[in-house]
Amino acid sequence: MIGLSHYLLVGAALFGLGLFGLLTKRNLIAVLMSIELMLNSVNINLVAFSRFSATDAAAGQVFSLFIIAVAAAEVAVGLALAYAIYRGRDTVSVDEMNWLKW
Amino acid sequence: MSFPVLSTILFAPIAGAAAITFLPTTAGSTIKKVSAASMGISFLLSLMVFFGYNWQTGGMQFVETLTWLPEMGASYSLGVDGLSAPMILLTALIGFAGVFASWRVDERPKEFFILFLLLVAGVAGTFVARDLFLFLLCYEVVVIPIYIMIILWGSSKRVTKEYAAMKLTIYLLLGSAFLLAGILMLYLNAYPAGARTFSMEALAKAASSGALSPEFQKFAFFFVMLGFGSLLSMWPFHSWSPDGYAGAPTAVSMVHAGVLKKIGGYGLIRIGLLMLPLGFKFWAPLIAAFGVANVAYAAFIALVQKDMKYVVGYSSVSHMGYVLIGIAAADVIGINGAVANMFAHGVMSALFFAMIGHIYHATHTRHIPDLGGLAHQMPRATVGFFLAGMASLGLPGLISFVPEFTIFVGSFKAFPLFAVLAIAGIILTALYVLRVLADVLFGPRRSEWDGVHDLHGADWVPLVVLGAFLIGFGFFPSLLMDVVNSGIEPLTPLLVKIKTAATLWGGL
Amino acid sequence: MENGGLMHTLAFFLLSGITLAAAMGVVFKRNLVHSAFLLSVTFLGVAGLYMTLQAEFMAAVQALVYSGAVAVLVVIGVMLTHRQQMSRSNPPNKMLLVGALAALSVVGAIVWAILATPWKVGKGSVVTAGDIGRRFLTDFAPPFEAVALLLLAALIGAVVLFKGGKAQS
Amino acid sequence: MNFDALMLEMAVALLALLILVADLLMEPGQSRRKLGYLAIAGLTGLLLVSLGRYGMQGAFFNGLFLQDDYALFFKQTFLIGAILVCLFSLDTVDNLPHSRAEFYVLLLFAVVGMMILASANDLITLYVGIELMTFSFFILVGYVLCETKSTEAAIKYLVLASAASAVMLYGMSLLFGIAGQLSYNALAKGLTASPALIVGGVMVLSGFAFKIAAPPFHMWAPDVYEGAPIPVTALLAMGSKAAGFAAMVRIFAEVFPGTGYPWPLLLLLLSGAAMLVGNLAAIPQTNLKRMLAYSSVAQAGYLLTGMLSGGFAGVKGVLFYLMIYVFANVGAFAVLTAVSRHRNGETIGDIAGLSRKAPVLAVVMTVSLLSMAGIPPLAGFVGKFFLFSSAIDAGYLWIAVLGFVLSMVSVYYYLNVVKSMYLGAPADDRPFEIAMPVRVTAVFAMAATLAMGVYPGPLSQLAETAAKTVFK
Amino acid sequence: MWADFSLHHAWLIPLLPALAFAIISFFLLRSPWLAARLAIAAMGTAFLIALGVVWAVGSKGITVEAPFVMKTVWFSMPGLVASMGVLVDPIAAMMLFVVSLISLLVLIYSTGYMTGDPGYARFFAFMSLFAASMLAMVIATNFLQMFVFWELVGLCSYLLIGWYFFKISAREAAKKAFMTTRIGDFGILLGILFLQIAFGTLDFGELAVKVPAYVQQNGVALLTCVALLLFAGPIAKSGQFPLHVWLPDAMEGPTPVSALIHAATMVVAGVYLVARAFAIFSVLPGAMTVIAWLGCFTALFAAAIALTQREIKRILAFSTISQLGYMMLALGVGSLTASMFHLMTHAFFKALLFLGAGSILHALHDKADIFEMGGLRKSMPATCAMMGIAVLAIAGIPPFAGFFSKDEILVAAAHVSTPLYIGASFTAFLTAFYMARLFLVAFFGEENPHNHAHESGLAMLAPMGVLAVFSIIAGIVPFTMGFGDWVRFGPAHHAGIDWGIASASTLIALAGFGLAWAIYGNGARRSDAIVKQVGVLYSLSLNKFYIDEIYQWFNRNIVTGLARVLYWVDLNVVDGIVDGAAQKSGAVGNILRRFQTGQTQHYAALMLMATVMMTLILAITAGAVAGGGKI
């Protein structure tokens, strides 16, 4: 019988993958994609909790709806910035963005 | 006192500084006149306070209070008692002499005198404050003007002036960091949350009413000792003082050696002894030991110095050793002597620095081997230099003999071995003072210094004003000792109480 | 999809399998375009999971917004910024080991939290679109207004960043 | 549903939209200075209105949006910060190559975000407030497109902020899982001691630590502060940090105390690390913005000590310190604006000899820096006094000693700047013209710092009443 | 009536010269003539008042036990009351008379001697200051007041020795004098502190009562140390054995200064201190023997050195040290009267000798070596006659002054211990020999062609004349008028002349003269060759037994060496730690800066690591705290 922890584990796995992508991907857009994955895993958690154990279930789902909205905005701004840096330095690899240091 | 004397003493220099900001930078002489006038006002008033102080009744006089930070228990309250009356006179005196000692400063005079007046006002604030918060505020406000004055008008001889300024500033601030921590602990533990106060009398009562446990007093006093010790250039924390004075312009080293160091001693008594008596008694042997180290160590080093200002710098470290021993003796005579010696040393080192300043201005060098036989060319400066030298020697008839003798009597009972070592210090002091006097003033006439001008015009004022006090309080010490005694005598019951308290390693 | 029974378990495993596989694809694929498509597959997988949790409105919004708008945006982003060889367009950087270590330790902590915590699982409740709608406009009105402003800000931001770039280049 | 609670936020939002529309009505080439003045006027009006709203208590939207003195105090801090930043950056914005009006719009959106954060009483409002503020800053940081440094900073900020908010969200979801509800008082009752609470709580704390730039979450600050244009850096240092503290104090006051875990220990570690890293790393810096970034990390350390005691005294210290930090920051950045417009560089070399060319600005910079260092008679001293006395009162003596010692170490690198201003020779002898608004802001900031240092009475009483609403 | 007035206004005696000093230094520096007249006038009135005091002491029968005392509080605090005042008793009266008289004469003499010196007025100012502080010390009522003026006198001697400060030797001599006396002051200061703490008072009267009482109960051990510490001062000031090195160098100063300060007044201050505190010393036998033996040894030692010295003033300086040894010997053997008597007579004839030497130097333009003089009796008859009287007086030939006072000392010494008596007599023989040597070599033999000497002026000869008269009568008159029962300690002893010792001492003196005549009688040149055969003894004595060199070595190596070491420590250790700490924090700053690599993903990784660490910390501490309680 599928219980709360199953969903939480899936969420955790998704979160881990997103995290790994964030840390190891050289391309900025791939990093943005990984961030989307992490946000999705949070949504899974929230919906799972609101389904199984929340006293105020609706709040959970409202929260995840907000997250979806914010994630969308984030991708938009992220890509705008990626385009800006690409035009400025002809690269979108995060490694080369280290002019600001020490 | 209807007329707020102490506030006027405090705010006259600040008003002077404010007035100067509106003057154009080119109006050098008017700037100097304004600052001389404002310092003159506060000097006259402080004379009136000192000689008007009724020492028979003693206690806090010329009291003024204004509410300032009620919820923290801090109030703008001023007052003067036997302990702080001589100190405020010293501040105003040296401030006044300092203005005239820097009459020859023509490079950016506007900033110089604004900063100098703020410096003197800040120092004056610490001595008249009856409120610990005001004390702390004034205690740290002086550090930045000094820094700026050293880097702009200082001189880099052995070490660059920037290094000296930075070392002095950071050293004193680190000391004050520990002091702040100590005082905060005292403030927080003296009274419960609601009834907290910064007034010094109340905090002193807290200690006697048993609110502060002996362990706490020992722990808190250690921090207070670090803070005031480093300001008083106590032995391990003295390395800022010689460099600082050598790098500083004349007026700054006059005020710094003359008065600022005394805040350390004044604080040790006012905050250390009165508010944390058991802690004070516990650490007293250590302070005495450091005091002796101060005396001998600095006196020996002063012997081999090549630069006049370094000699006086180390000599002021050595004289502070006497003050430390006097205070550590924790008996009425010793502390009387220590406070009087602080006043005496203030006047003496101010005159010393004024004269060195003049010689440096005239000959553009302070390197002793290059100088010699200046008595031929500058008889008047020689008199001043000689007077200061003899005073620092502890010659009877000048201001510093009676205090030093009182310290010896006081400390002999508490720390016989340390007292003997300190008294041996008078030989070393004589050695390096005479060496400087002989090498700089006497000896064959040197032709290269023939064109040198002697004291004239404004240069006379420091010599006359400080010299008058040197000789006046030397012949009639009761003028000073009675006032100081009226401040210290009420402490006798406290001192008797802590006489048997535990000390670091038992009396030596 | 009612809760009990074999169908639900089967659906859950199928959908979570798809989601995780696609997610791994997004992360490990070298070709950026493949990753982008796999990303939208992940979003759809997650929408399916919502269905198993009887959150129909959520599934709809997820499918619509994420896989619809976000995935498309990502693809446009990829096209805008990549002219050279696509196959090597999404390389990993030199921090594979450190990244893996960090990710695993975080996941470990989370898994420890999930398994060791006694979750009080109630009778559970199903949330209808109506409930969500009402809550949006009563309790969560300030955040609702704020999100509107946020989207507006993002819009203006994107325009500014793009327009600025044009004027300059 | 009562919209009076939202009055301030809605007013700012309307002001922003008004500016957006006004921009459309003006021809493209025309100077947008008038819009700047409009923004300033609007905000100042709001500030005066808000002064009257003290004492109005109330929880609206069934407890999810608080309207109390605590939130009001913060909102006033944000408003003052925004007004002063707009004032001294009129010229900078006017010289931007493109989309000058949008700068003010986004700035106002950021202010709205901060205000919502201050009043948030549940996780959703908190999250949305943070995101609104952060998003506006993403774009503001990357505003100077001709310089790729600014874009790089924006990207760094975006990636790291999103990662941090993702971690924070995960933490929030776990808390929601345990307590089942989202509002703080419900959470306070619902959170039971369990591993999920540990992980969730730590993740939320990491999110906040990122926002207030406490090490080891501070890495983004120096790069972003250096890359961003000066007004944005100023607002970041003041606004975003203050907003972070507003939410953090409320959560650590209401939600976490009952959970039985030693959260103050974590705060202690963060505070110590912040002071050490902030002060020591600032010593070798030559770029002033970068140095001020490290110094703001150190200030976060001092502020954290205020939160340790869990009493109103500590929070009063935090509120007081944040307000005076605004003035110190504005003073420093105003001078920096003037210098960078004259020399278009922000290193110590560029500021050399300032006291000869613009003595007033040199004094303002000295006063602001020394107020950050905590030298009396400036406000910083009183602020640090409140913070460290509350820490010692709660028994954390050694953090206070560390605080005092390190703030004196900080005097070292501040004095290096003062030294170069007073002692250095001016790099060029072109006359140093200062725009009137920059001069006004600088002098006003200095006057405020001095006044609150010498007579901190009114502000400290205001801070005390505000703090008492959170801690009874 | 004058006696009453002067007794009750005895404090005027020191005040007048002090006022003279003040007026001259402030107003008259540029009018030398007026300054000199003012100084002499002040000194004259002081002398008259001193006479009045002597007369009052004589007529009122004030004795050592019951002195006339007037006191006022100088400064006071609980536990320490310091007072200033006037204490007049026979000893003080005698001293007042001697000091004021000789100061007056020397001042008059200086008007002649110092003509042409640019600092003429300043000289009289310093001399008046010296006289004032010496007189004030004489009438001191307690140890502190005495110590105050003791040091002021030391200051004046520093100023006057270093009078020709353009000469490096003068400058160094002045410094040496001040430093040696300073070491003595250290001893006195410790002694005074012991007394203040043990007895709570420093007043001579009270101590005279308390000390003997204290010694009864708990023995002499502690008090002997205190006495010896107090005696350290006189050792330095009166040039006793270890600390005598400064006195010969003090001759760098002008001759009137040497005459007044380093012969008659200041150097006897040490003797006067012991005399004033005789009540303390007399009950401590241990201290007394030390004083006696040190006195005897110093006398012998100084006389031995004086034998071979070539400069006239150096010979007189060593003779002074030797005579002071005599006085200390007298005190040591317990005879206050003998010591004071010798002090008085010595003051007169030693001042005369110095003034005589001054007039010779004045005439020969400062050529001091006696072997370059010769045959001056023809060109300077008056000086020669007066010097002759002084030589006879110092040798102790009756009826001159020296005979009576030296006889008293020898009698007192004989009573106590014969070795002391033998030592004293042998010193008397040596004294006679070197004084005769000086007189013969300087005044007899053939004229040295280079120097064309001429007799000094009246201003210089008149004072010498007065002193010559006193050198004659100062012995016989007081002896007959019962100096013994006037200046005495304990019962008055009317020892008549003990003919045995008296005749022995006269024979010894004549033997000394004879030997000197034999060696230096006719050809002065040849005579020195004879003396050289004595070999190593000669060179030892000539170089003052190398004590100066030992002190120099000690100062240069030990003191300055230690100073350099400490300075090195201060620079490298104390400063080293401070600068090291500053460097370290800067270095740490740099390391922290390097962490900022600029790579976004490094930052993200670090943040996540931190989150995990915090979770661990919380889990562990939560576990440890077992889920409860606040840290």
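In order of appearance the chains are A, B, C, D and E, and numbering begins at 1 in each one.
FYI, a residue touches a chain if its C-beta (ideal position, glycine included) is under 8 Å from a C-beta of that chain, and two chains touch if they have at least 3 such contacts.
The structure displayed is predicted, hence computed values, not measured ones.
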item	value
Chain A to chain C, fewest steps along touching chains	1
Chains touching both chain D and chain E, listed by label	A, B, C
Far-end chain from chain E, centres as C-alpha averages	C
Most centrally placed chain, judged by C-alpha centres	B
Top-ranked pair of chains - ranking by C-beta pairs in contact	A-C
For chain B paired with chain D, centre-to-centre distance based on mean C-alpha positions, whole Å	42
Distance between the centres, which are taken as Cα means, of chain B and chain A, whole angstrom	65
Rounded Å distance between chain C and chain E, as computed from the means of their C-alpha atoms	103
Interchain centroid distance [CA atoms averaged], chain B/chain E, Å	36
Chain A residues counted as touching two or more neighbouring chains	8, 15, 18-19, 22-24, 53-55, 59-60, 62, 66, 70, 73-74, 77-78, 81-82, 84, 94-95, 97, 99-101
Of all residues in chain C, the ones touching two or more other chains	93, 95, 98-99, 102-103, 106, 109-110, 114, 119-120, 122, 139-140, 143, 147, 150, 153-154, 157, 161, 164-165
Multi-chain contact sites of chain E, meaning residues that touch two or more partners	593, 596, 598, 600-602, 604-605, 608-609, 611, 615
Pairs of chains in contact (touch as defined earlier), listed by label	A-C, A-D, A-E, B-D, B-E, C-D, C-E, D-E
Partner chain D, residues of chain E touching it in the complex	585-586, 588-590, 592-593, 595-596, 598, 600, 602-604, 606-611, 614-615, 617-619, 621-622, 625, 627-631
Residues on chain D engaged by chain C in the complex (per definition of touch)	1, 5-6, 9-10, 13, 20, 61-62, 64-65, 97-99, 102, 105-106, 109, 112-113, 116, 119, 124-125, 127-129, 131-132, 135-136, 138-139, 142-143, 145-146, 170, 174, 177-178, 180, 194-200
Interface residues, chain C side, partner chain A - complex	4, 8-9, 12, 16, 19-20, 23-24, 26-27, 32, 35-36, 39, 42-43, 46, 49-50, 52-55, 57-58, 61-62, 65-66, 69-70, 73-74, 76-78, 80-82, 89-96, 98-100, 102-104, 106-107, 110-111, 114-115, 119-122, 124-127, 131-132, 135-136, 139-140, 143, 147, 150-151, 153-155, 157-158, 161-162, 164-165, 169
For the chain E and chain A complex, residues of the former touching the latter	593-594, 596-601, 604-605, 608
Interface residues, chain D side, partner chain B - complex	355, 366, 370, 375-377, 381, 385, 388-389, 392-393, 397, 400-401, 404-405, 407-409, 411-412, 415, 418-419, 422-423, 455-457, 460-461, 464
